[in-house]
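Below, each structure is written out as structure tokens.
Okay, so chain A shows up in both of these, paired with chain B first and chain C after.
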Partner chain A sequence: MWQFPVSDQVPQISGNRQACGNRFDKQQRTFIQMRTVLKVVDNSGAKKVMCIQALKGKKGARLGDTIIASVKEAMPNGKVKKGKVVYGVVVRAAMQRGRCDGSEVKFDDNAVVLVDKQGQPIGTRVFGPVPHELRQKKHVKILTLAEHIA
Partner chain B sequence: MRLEKCWFCSSTVYPGHGIQFVRNDAKIFHFCRSKCHKNFKMKRNPRKVKWTKAYSRLHGKDMTQDSTFEFERKRNRPERYDRNLAENTLKAIKKIDKIRSDRASDHIKNKSFSRLKTGKVQRQKEARKQLELGIHLVKAPLALAQDSSLCLPKIKVNVSQAQTEENQPMEE
Partner chain C sequence: MASQVLPQALHMIPRNQVQPFNPVKNRGFSAFLSRGPSPLTTSKVSVSGFHSKFPVGSSFSCFARRGFVVRAESNPEGEGEAEGNENGVEEPEMKAKAEAEVEGEGEGEDEAEEEKPKEPRKPRIKLGDIMGILNKRAIEASDKERPTPDLRTGDIVEIKLEVPENRRRLSVYKGIVISKQNAGIHTTIRIRRIIAGIGVEIVFPVYSPNIKEIKVVKHRKVRRARLYYLRDKLPRLSTFK
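And now, the complex of A and B:
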């Protein structure tokens, strides 16, 4: 007499996959705030910076905002050294940002381009795509250096 | 303003809808809604997901090659605004859209394997019955009786002699 297997006895293979999917869904992309580690995408010498202050916004910085960061990892011979406090412009943010036409953009990672107090980039090259929100923020120099504008 | 196509399901993304995801290799993915976006995040291949256009085109369920598709190709060159051109384009869009949808629905209905398998056998049975009942609409009964080739194959029924004599005056 063949009996139908009870659902909880059946090995939950699909359940596993579902758990993986849920983990992806639950990943909430939020602001760039204190202690956020960002990738540096110019050739200024730094590799990773940690945000210590978001200059605008109570909750944190978003795409196109400036931050103050501390260099955590740097190339041996570069313009900036480890431990230096620098300004940076967020060029890629995993959190979506609303565009004026109503759509939203999001990038794959959090990336920053180091600038000086006046807003001029320290490096001479920028890698990866940058959003054209920078034009409104008057970071035209970064846009000209960029290899792709999203 | 530009109407994009959702990367996953190929529906149009109107302004104000959807999310644009920019990958680090500068490839941009447009999604019409979070359903498509979540499927993408799950790394599902749209060619394998049954409800997407990519699947139906791949499996021949939808029209793939047609001259009307040429009109919708993405052109990166901006045109100088010309009122007449804009007006004509709008008229043409309507017409081309109608032609394309007609051709697409024909493709779905008339393809040899018939995507909508709505009771083919049933339809044939009904058609045959209708023909038998309404054959007098097609050709006059007298002409049918004279020209046997037009008749449907008749079922032979054994009738007694008395009955046939009665029927003869009626037929005339």
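And now, the complex of A and C:
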């Protein structure tokens, strides 16, 4: 006798949902590009800058690259004011950067140190950890000011 | 095809295209047969798979007449593998075709036996095992220089790394293993730690020669294989003195 199928199996819908959900479970961090807001980690006076141009790279800047940024938020008396266009060196990026020995490093936030056109930092202190990729990029001054080299 | 996978030069040359539908076949066959072994100048065996008989009037589409000349270049190491592959290549051909020339196959095998040096039969290394064997060897080689402890997710480890740029001292990295990806020699672990207020995750290849020491300091009970939830939690949970 034909019986109505008992639905004690896993319903079909949940299978599909699983397939769709997986794509967004994994965090995929990308480059620092135009309109990316970064934290400033030196004592130059700025607090937040927005990237307006990545100087190297078609897709955007990565850890250790230089960017041109516009100051969005600044301390009242500091060396830079709001609205100023500055250069910056990315010292922390949420996107992983591979090293030549096969290791990768990534930080929890995006941070930048303001520099002048020649690459010398404007501030006198740098907060937080910095990677030692900066040595290869010849930002030795930032490395010496840093609290901790990751 | 097998010829593309093997590093030793094992060439398969399609001998002949599909013949047009003409009922007069025997002449073509004999010519084909006679042409078979002559242009080959290599010392190694060449096996030509072909058929000689076609039932007259049957559809030719099933029996695409294609003969292959398999040449193995003189390479004493790969002899065992090459010979194994030759046989493997022969067999599907023979099975696929309706009738095969038994003599030709017999000849090929005899020649192969002669050419092989007289040694007891080694167990054949299958293609799928090669990467596993290579990885195992590489891991053993790296273990000889520096023993690697057994690492699991949730271990709090301390890694001493030699960085070529930082020539003075070994860098020390401490943190909790939040994931371990097994890939033979490129097995990696991801270490998370809060450094100076910012969370840092570093992926280390476990068998890297730059790593001078790995030590498991503590273990935290976790009920997951990947602890990515620590990224959203309080920094206190990822801090290690």
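Convention: the second predicted complex is superposed on the first by the 124 of 150 C-alpha atoms of A that agree within 3 Å, B and C clash if a C-alpha of one lies under 4 Å from a C-alpha of the other, contacts with A are read in each partner's own complex, and residues count from 1 in each chain.
Going forward, a residue touches a chain if its C-beta (ideal position, glycine included) is under 8 Å from a C-beta of that chain, and two chains touch if they have at least 3 such contacts.
Please read all numbers here as calculations on a predicted model, not as lab measurements.
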item: Fit or clash between chain C and chain B when superposed on chain A; value: clash
item: Partner chain in contact with A:Leu55 - chain B first, chain C second, else both or neither; value: neither
item: Chain B versus chain C as contact partner of A:His132, first or second or both or neither; value: second
item: Identified clashing stretch of chain B versus chain C [22-30, 58-66, 112-120 or 130-138]; value: 22-30
item: Contacts on chain A seen with chain B and repeated with chain C across the two complexes; value: 92, 96, 101-109, 128-129, 147-148, 150
item: Interface residues, chain A side, partner chain B - complex; value: 21, 24-25, 92, 96, 99, 101-109, 128-129, 131, 147-148, 150
item: Chain B - residues contacting chain A, complex; value: 1, 13, 15-24, 26, 28, 38, 41-42
item: Complex interface listing, chain C residues touching chain A; value: 163, 165-166, 186, 188, 195-205, 208, 210, 231
item: Residues of chain A that touch chain C when the two form their complex; value: 92, 96, 101-109, 111, 127-129, 132, 135-136, 147-150
